[in-house]
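I have a structure I would like to understand better, so I am pasting it below and will then ask my questions one at a time.
The chains carry the letters A, B, C and D, assigned in the order they are written, with residues numbered from 1 in each.
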Amino acid sequence: MLAEIKGLNEECGVVGVWGHPDAAQLAYYGLHSLQHRGQEGAGIVTTDGSKLSISKGEGLVTEIFTAEKMKELSGSGKAAIGHVRYATAGGGGYQNVQPFLFQSITGGLALAHNGNLVNATQLKAQLEGQGSIFQTTSDTEVLAHLIKRSGFPTLKESVKNSLSLIKGAYAFVILTETEMILALDPHGLRPLSLGKIGDAYIAASETCALDIVGAEFVRDIEPGELVVINDEGITSEFFSKSSQRAMCAMEYVYFSRPDSNIDGINVHTARKNLGKQLAKEAKIEADVVTGVPDSSISAAIGYAEATGIPYEMGLIKNRYVGRTFIQPSQSLREQGVKMKLSPVRGVVEGKRVVMVDDSIVRGTTSRRIVNMLKDAGAKEVHVVISSPPIKNPCFYGIDTSTTSELIASSKSIEEIRELIGADSLTFLSVEGMVEAIGRPFAGETRGSCLACFTGNYPTEVYDYELETVKC
Amino acid sequence: MLAEIKGLNEECGVVGVWGHPDAAQLAYYGLHSLQHRGQEGAGIVTTDGSKLSISKGEGLVTEIFTAEKMKELSGSGKAAIGHVRYATAGGGGYQNVQPFLFQSITGGLALAHNGNLVNATQLKAQLEGQGSIFQTTSDTEVLAHLIKRSGFPTLKESVKNSLSLIKGAYAFVILTETEMILALDPHGLRPLSLGKIGDAYIAASETCALDIVGAEFVRDIEPGELVVINDEGITSEFFSKSSQRAMCAMEYVYFSRPDSNIDGINVHTARKNLGKQLAKEAKIEADVVTGVPDSSISAAIGYAEATGIPYEMGLIKNRYVGRTFIQPSQSLREQGVKMKLSPVRGVVEGKRVVMVDDSIVRGTTSRRIVNMLKDAGAKEVHVVISSPPIKNPCFYGIDTSTTSELIASSKSIEEIRELIGADSLTFLSVEGMVEAIGRPFAGETRGSCLACFTGNYPTEVYDYELETVKC
Amino acid sequence: MLAEIKGLNEECGVVGVWGHPDAAQLAYYGLHSLQHRGQEGAGIVTTDGSKLSISKGEGLVTEIFTAEKMKELSGSGKAAIGHVRYATAGGGGYQNVQPFLFQSITGGLALAHNGNLVNATQLKAQLEGQGSIFQTTSDTEVLAHLIKRSGFPTLKESVKNSLSLIKGAYAFVILTETEMILALDPHGLRPLSLGKIGDAYIAASETCALDIVGAEFVRDIEPGELVVINDEGITSEFFSKSSQRAMCAMEYVYFSRPDSNIDGINVHTARKNLGKQLAKEAKIEADVVTGVPDSSISAAIGYAEATGIPYEMGLIKNRYVGRTFIQPSQSLREQGVKMKLSPVRGVVEGKRVVMVDDSIVRGTTSRRIVNMLKDAGAKEVHVVISSPPIKNPCFYGIDTSTTSELIASSKSIEEIRELIGADSLTFLSVEGMVEAIGRPFAGETRGSCLACFTGNYPTEVYDYELETVKC
Amino acid sequence: MLAEIKGLNEECGVVGVWGHPDAAQLAYYGLHSLQHRGQEGAGIVTTDGSKLSISKGEGLVTEIFTAEKMKELSGSGKAAIGHVRYATAGGGGYQNVQPFLFQSITGGLALAHNGNLVNATQLKAQLEGQGSIFQTTSDTEVLAHLIKRSGFPTLKESVKNSLSLIKGAYAFVILTETEMILALDPHGLRPLSLGKIGDAYIAASETCALDIVGAEFVRDIEPGELVVINDEGITSEFFSKSSQRAMCAMEYVYFSRPDSNIDGINVHTARKNLGKQLAKEAKIEADVVTGVPDSSISAAIGYAEATGIPYEMGLIKNRYVGRTFIQPSQSLREQGVKMKLSPVRGVVEGKRVVMVDDSIVRGTTSRRIVNMLKDAGAKEVHVVISSPPIKNPCFYGIDTSTTSELIASSKSIEEIRELIGADSLTFLSVEGMVEAIGRPFAGETRGSCLACFTGNYPTEVYDYELETVKC
């Protein structure tokens, strides 16, 4: 699936390292492995025990952090936190790139956040009414103000108290000169894993960031848990009554990297299982199976393996399409000029093709790909989707915008099929998805958030339809 | 296989468009689809019928050609030629980026070249001895000087005469204010295909460049053929006695894009067949098959399909590693910090893994990947290579450097296996490769160049071991 | 005098435009004419009546504001404020570039400041203690927090109340979506002039910014005055009991542009008069008079005119020395490699030279110039300084750092003469300076701040020796 | 006078250093001091005795040569040549930036040129007809081809022979791996001076480049002289029958830096004498004298000194106007927005002003300045020009373009006066100029080229009105 076209944007990633002389470098490699979660900007804040330093910018991790910039940061090697930010349409810009660093006479405070707060607007209005000045349009900054105004003698108490006021989905990594704090929302909507590398600790949104630096996986942070790491060691407590985990199911379907494990479940394996489950639910006579690169390849291979229909590379993605790619004009597009994705004529010509994709948001991308395959000679194109129809917006950090943009919220599957020009269209059932991933519904232990499919939101949604910059 | 690590560099790509008002744009999209053939630099020369314009630079196509730059070029929309250049170690730089444009009172001349001339050094010495001044260190410029000095009344005659003096592998695309000329060496070592888009012509190193602009494939340019396209139409003739085609086999194994067809054979299909053939030659007891991304995925899937061992994503490539990526220090590497490629622990842990790769040049990359897989818990790692051992240097445009760097030129397969730490190592046989690709040996009609495997070079190699900038 | 070498840094400039469709452009040209007051960074904030927009950056005005950036701003043409910032040694950076723009639900607030607050540290500590988060290390931000927390129903009242809490030197230009406010400290230590261009108003640190946009000079803003300009028109009131003006004398001697008038006195004329006064105080037998470019040329011409000794161009400044100039190594400097300033051998060889400079801070620059002139053959070098010895630090916006760096605070004139290697050294007397400029001592109507010469500071200096980023 | 506006462009500068371990750096500082002769681009070629290295770019010396770039070059410290290039309207670009470096199997050859060849077009046509390929559109490259084709056993002989074929104005600095050659045209139209710094030699277009590196002036290179410097030492011979020197008079009037000496005459002194001579020829009742910065300041001071009318800074130039300055729109210009030059109201208001400028080319700049002064309140503006009317184009390296653009070629002085709006206009007489500078007419020993004033060209002008890129 092509995120950029479809409008289902990825959703930030965080990393935190404590107790390593190369903390900044480890954060760099960690962010690099989380790059798929956000390409708009990235930042790193480090501490050497007495001073926080920041480096951030717009663009990719490798573009922002030159060897020179890293050298500046690495002087302060003791701990580091980092963040990658996803591309938003209009808002954003340099000032909204995280981590945010707030310096004051009483000490510095840096925050990195993956998720979205659902009562940020109300809290911000109250704070500004009392004279607080915000530096960004991000909901994340609200937490910083709450902490700074809370007046508790220790940071941990200030953070705990402030977290009790915010609602929504969040995995926070917080750094001061002398402490690193990890916090996960009471429903555990976003993943956050903890690892060790020697005596040092590393936390990250996905385990692939632990693997890339050779860290050993320790455990996942629990819903409502607050972890404090400092020179005294690591301590943990819960700031919220234990609630059932509601892990975002789309992390398995689309967002996370195939080599990551979430709650012990490998993402590639989950996707392959989604494909195998699809094979049970969608029986199709066909000659070849192909997946939309990159995120649907695993599901497509699973589908092929389960049905015995050979898997072929029927679509190829151009690796070099970047922000600076010049889009073809309308007239060139009509003459057939392609962009990121090309069909492989030698593979699909004269064939009945099963095209596996992971989701349909607006339907425009699917229509384009089906057209491409037919233009390249495919006799039939059967679209199978490795997740159920997305009918409801997400308020927890995924940019599916408003209900009106979600094609499945207003059209039947047959209407969608016709619109995208497929010979058949099959979505995975909610039950099939739950089964394939291997973790139960929300409300059960280690459950899933399926709100975008079912409309059952695990939290209240205060700021519904209000405009905020999420992350 | 990871080209950047292994040292088997890709080898330039050319494109030419005649008779289209958006010629420059079509060249841009064509080059973009050929980006895998060279990432060091790119250029486009256009003509509006009376004046040649050039734009070129170092880096990726999308980095070099901004919307602004394209606007300058597109004023001259009638014809355009373009070139992407591969990354060389030391030499290179802006001045060696092609196409080369030579302006003179008697008219302009632009050239783009894929391949390598084997007698460039001798010819250049002769020309310089007669007072010619070279602008570049590229062998390609030799042809320009020969043409300019040849003194024939027409460009076609000058080109034909000059081509008779040069030896080696070449696909040339030449542009003047009023003509475009295509030329392929007498052995057809490099691919060059012709397509039509409406009344316009487009030629390119691979058919994927034709597909991306919606062009219809017409035919492949033949060995020793000279094609002239101008306002009078298109004409063809042969400047060399017909000789047997000797198409570079590595185009199928590694260089070309999976969606390209060379001489009517689809590259993905050829690779999948290489994997299937490997399944016949290498019978291994294993739990999973995995391919080294990106170029070995097709072969791995073929191997899995033929053996019934499930294909899994055991290795994942970071898409965001670019020129600016900061390499981990030795000490960080020893602590396990990875770079472009990561093993998927959840997939390989406790498994007997078949790892399919397309070739082994120095062996260092293979050793690193095998180590990674073992560190991630693989019980056994069986390396199968979808081509025979590379024992001889290439003089036709592939940067395999000198014999001494080719591990298979001095070590036995068992020695290589031990060196890379694999539990077993199997190379495809030369016969198996020929069979799988589906085109015969050199010397036969539509034969292959297998020199790097067999040492049988289809041409004399005059400049052997001399230093030149190839392309 | 060479500011960059000597350490007497220039001290920011502000501009504000209200009621002109090209407000942003006028601010641009105004800032451009104030560039000599600060080269580290610059910014512009505009309003279109309902929204504030900002553009700022590090470097020169012409480097920061490209045609593209200006186009973005000019959409909002109604009013604009701007700022140029001087170069500081270490601190600074992008975040400290002004104007500062603070967006909030209750409306935006932008500030630009020339001067230095002497109780900023205390106020900031109080505000942070109450939970305010500061975005910068600049003293200017204190005023924004005070305004936002003040809770008065109108901006004017909030500003007035907040100004009553801050001490020091300031010329503030404040912009909201619907109002522009000008404010000058109760001693009027910094200049701020008001002009009209058609129906539009323009305020700026120097009148040269009014002239450059063709505006008509209206009057200088008075000490303790608050001017509010909005769609209703312009109103003025005083937020402080009338106090005697204490205009910085160094504005005449060194900082301001020769074509500016301050309180009706032309700067070039004042400098020429300083030179003429020097002629009375320092009678020297000499062959030529020369000035250190650029700021001492006027005084040198005045000296030459009054003494009859011919003025010659004995020193020449290289116009192209910028931030990127590579300083010669120590060994090259010893071989005589020069940097920004060169002696004109043809003019000084064999001559008795009077070298006029505007001030001596550390003495190192003077020593270097005297050496240069002697190396170029000058028989005698008589240094005459068009201001008295600087013995005390400035707390009002000029970067003379600490007392220990001021050579005149610890050494006698004879000791300084010896140190700089001059044949004679004469400073202007304080009385002579006051007389020549034509405005009386501090304490009198339209008086001067002479604190750096006399140690009589017009205000208390609370933060003495504390580290803040001034501007 | 403002060169950029007036169209009298500066005309390149060259430098050559032999025998110094910091040769590249010395070339850098030398070019830096010659920056006023050309701001379009600059380059340096160095040799370490066996290999030539080049670094060049568009823009100012300090922009092109970063510390990094210099480090690359300085490895090769033995000798270096450099060039600054003036800004041309359209042509130019990177490829025309000098020095040109031509690498070949028989050795490298680098050239830097100040001047203009008048038979380049004919020679180039001949060379291209014989198959030579030119890399640039510069006349300078012709010499390289002539040298390379000449076939003499030594470089010196090849250069001598080649110089005998070219006509026009030139100061050439040529570098090979082992030799540096200086050559001046037979009329010595351009300046070229030789200095020593320890055992090393340095040659440059102006003596200010010698001074800046602390070199000792040795002598000026003579017309028709060829100097060869290598490890054997320095030798000199003449390649042309001795002819009378015809030094460009405009070097004194406008081009050269005031601190340079040409043929022993200091430029500032010459200009001051021009001003004094003007005082004899133009007797005006006035209150103040002012000069147009920067080039006319010396003449204005001379005029003031001779007449006793006080010199004042009536016009001020903004130092920060660069290539990136955004020109005011027509409507803003009409409202009075100024650009590079501002009048000083406090100085000129109500006064009778003598405005000294160095030349009038098209008259548009003069008109603008006169208008400015009148708008600023000047009662009368008397324009006095420190050179005679320019009536004829220059073919020797100055970009005065065609006759039709020279206002004095078609209009009387009274017509020009009316057009520029001055109350009176006086040009210096040709005799007065010759007298003031102190070197005789062309044709005499150490004579001057006065062709632009008198039409008497010292050489034939073969390419008259043909388009070439000069330098």
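Operating definition for what follows: contacts are C-beta pairs under 8 Å (C-beta built on N, C-alpha and C of every residue); 3 or more make two chains touch, one makes a residue touch a chain.
Heads up on the chains, UniProt names are A, B, C, D = Amidophosphoribosyltransferase.
Worth saying up front: this structure is predicted, and the values here are computed from it rather than measured.
S.K.: Please report the minimal path length, in steps, between chain B and chain C on the chain touch graph.
M.R.: 2
S.K.: Report the chain whose CA-based centre is farthest from the CA-based centre of chain B.
M.R.: C
S.K.: Where are there more C-beta contacts: B-D or C-D?
M.R.: The comparison resolves to C-D.
S.K.: Could you tell me the distance, in whole angstrom, between the mean C-alpha positions of chain B and chain D?
M.R.: Those two chain centres are 50 Å apart.
S.K.: Would you kindly tell me how far, in whole Å, the mean C-alpha position of chain D lies from that of chain C?
M.R.: The separation of the two C-alpha centroids amounts to 36 Å.
S.K.: Quick check on chain C: which residues sit in contact with 2+ other chains?
M.R.: None at all.
S.K.: If we use the touch criterion from the header, which chain pairs count as touching?
M.R.: Contact pairs between chains: A-B, A-C, B-D, C-D.
S.K.: Show me the residue ranges of chain C that touch chain A in the complex, using the header's touch definition.
M.R.: Against chain A, the touching part of chain C is residues 102-106, 124-125, 128-135, 137, 144-145, 148-151.
S.K.: Give every residue of chain A touching chain B within the complex, in rising order.
M.R.: 22, 25-26, 28-29, 32-33, 35-36, 39, 60-63, 65-67, 70, 197-198, 208, 211-215, 257-259, 261, 266-269, 272, 294, 297-298, 301, 305, 310-313, 316, 318-322, 324-326, 328-329, 331-332, 335-338, 342-347, 376
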